């Protein structure tokens, strides 16, 4: 009984982690159909922002939840203005250019901080599920993931900005004819996606350790979850994260974490084959 | 009673809530020439896509010489003997005229026979002078002819031409009409066009599409004189 | 040799260019041992191996239109197949065969899964990327004695050391020294180049290019694009396997880093920099970039990843068609007797990069 509770909790944490990793990429892909291969490095920048802030004595929650997203959001803004905006519509070229960006960021951070992983201490302790101890930080991850998805949904559904974003997603030309400037929208959504990646990196920093190459562990999972989720940003990310997170944790539990990772990736590849448009390409098409 | 070359029975194509093609029935004989007319958005190109396998109809059956080809892969249907010049040109921009037509001619034929077909087709369409030019750099009318040449080189029994005269000069239009009559001596054709003069030049039986359905099917003079057809083109709805 | 009867005023340099390239290659093959010693030969041997890797990527991408982000999967499978084969067999000839066949079989399965599943071009990139990551994760976790195939321990992240070097077929004791390995690697490069040039001149090769130009039109002419893409993909995998075998021989060592994202990124950079849509381009790109990496690795001013990143971004933004067409364009301009349509090169490259 306790074991089920523990595994269930771990599944939720796993789902939350994937959702957190994916949501930033989902915003960018959902809006601009851009495959940002530097997403893992945006997370890495968020993790470093958290590390640097905490080593200067800033409260860890502020570092993770405010500083990391803000910093990476700004970086995203700069990247969009200097690189991405020249490549709209050229999907393969954006993949290549963002790959170059990812290599460049890894190189830059290695030059500044060196290769050694840095640590950020976990700010909360553990709690018990029956006989088992579970990390309270898992709760933090679940909560932040839920809040991010809920916040994104609320923004898209209830705010004027969200309405403009949705309109531009559906028909950029029409939105432009109605007075919206699509380039500005793209800029802000890219920055938003980057900020969410930064948030994810900050939140996951205590768990994964901070090193220049940490991003590569996340990129494939995030990608494949975005593609598996489909066009609807919030629903797609949620459903795909749930499915893949579940598979990941259950398989990890039955064998090893590496096999769990492999199972996730294999499941995702198979799913894209069956549903090339992702889950929300077929089900719940009209959702956000 | 011989099997018709092409038969479409109750073909319907729905995209979401919209029926682009509704309950279309059409029979085409061997070596027949049919014109398909109708206003924009009437479903003609969609119908062609169903015939070539690019789309699978929501309902209905398409038979080619009695064989059910509904929803088959485009390359399978092409091999049975269906060729199409699409509305938006589909040509090999990065190949020369000769190479592009060579791809069409070369499937399942000896090198010598393929080369012969290429030369003959280029001559028929007066493309020999530009045989080594890059297709992507040709004028629009020339690209249409290259596409038509590719389709002919395929040696199909049924040729679908979606707006073959689009963007052509008057002289080119006359040549195209002659060409169609020449092709019709041995092969069946279905031609979609908006240019009524052109239809008159080549037309025998005309099928009129409107809003996905067949409005009327008759000899060319009767159709072009029909007030319902005229209304449809002017935007009013026929009864 | 059969001469073409039809003029080919297009992106490739025609038979003249191919002959010049092969002759140049032979000169380098025989000349290199004369101008440099063992250390130098080892350097250029790995350049040759990676050039073969680049040829594979350049073939399937530039001519087949398949953007594979995980070509390193086949490099690695070839390398590991050779290592495992060589440690289990006395004559390495069988191991070489494995190095070619194993990646091809894997590619056949993966290719069937992708191309017959109507997965769009961009997704192929992500799926192949994911597959190489899966392989990396799997092989990386095979430390420990229980993970072995016959006499070969898989070694996990430590890799497989002391891989037996190639021997002359039939003479297991006659193993290749660095000079012999150079001849083998450079010879393989020349042969792969000739093989691919030949494939592109056959009807099959022309259809592959036509499918890249306009898949719809090719389908409407009766060609099944899925089959052609699958075969192209498999050929590319086999050639990458050859590269993997040579790569393993170069260091007598193979490790999971061969499956890394860096390796996959590098081969894409080779092709992009060298010239998409040509065969000589990827070769030049591989040599140039590897040389740059070797130089960069030796200095501490700029991090290699940073440098690679800047190069990739710069090329995507500024020189998308790569170096080879630019060079070829300038060579053509110096020879006014040839009438050529140069914009077609950009068109072809753009068509391939979309």
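For reference, chains read A, B and C in written order, and residue numbers begin at 1 within each chain.
One rule holds in what follows: contacts are C-beta pairs under 8 Å (C-beta built on N, C-alpha and C of every residue); 3 or more make two chains touch, one makes a residue touch a chain.
Computed from a predicted structure; not experimentally measured.
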So which chain is farthest from chain A, going by the mean of the CA atoms in each chain?
B
Suppose every chain is reduced to the average of its Cα atoms; which one is closest to the average of all protein Cα atoms?
C
Between chain A and chain C, what distance separates the C-alpha centroids? Give it in angstrom.
33
Could you state the distance in Å from the CA-based centre of chain B to that of chain C?
42
Can you work out the whole-Å distance between the CA centroids of chain A and chain B?
49
Could you tell me which residues belong to chain B and also touch two or more other chains?
none
Chain C-facing residues of chain B, complex
52, 54, 73-75, 78-79, 83-84, 86, 90-96, 98-100, 102-104, 106-107, 132-134, 136-137, 150, 154
For the chain C and chain B complex, residues of the former touching the latter:
6-7, 9-11, 203, 206-207, 209-210, 213-214, 216-225, 341, 343-344, 347-348, 351
Note: in the complex, chain A contacts chain C through residues 35, 83, 86-87, 90-93, 95-97, 99-108, 110-111, 216, 219-220, 223-224, 227, 256, 258-259, 261-262, 265-266, 268-269, 272-273, 276
Which residues of chain C touch chain A once you look at their complex with the stated criterion?
67, 69, 113-114, 117-123, 125-127, 129-131, 133-134, 137-138, 140-141, 261-262, 265, 268, 272, 302-313, 316-317, 320, 353-354
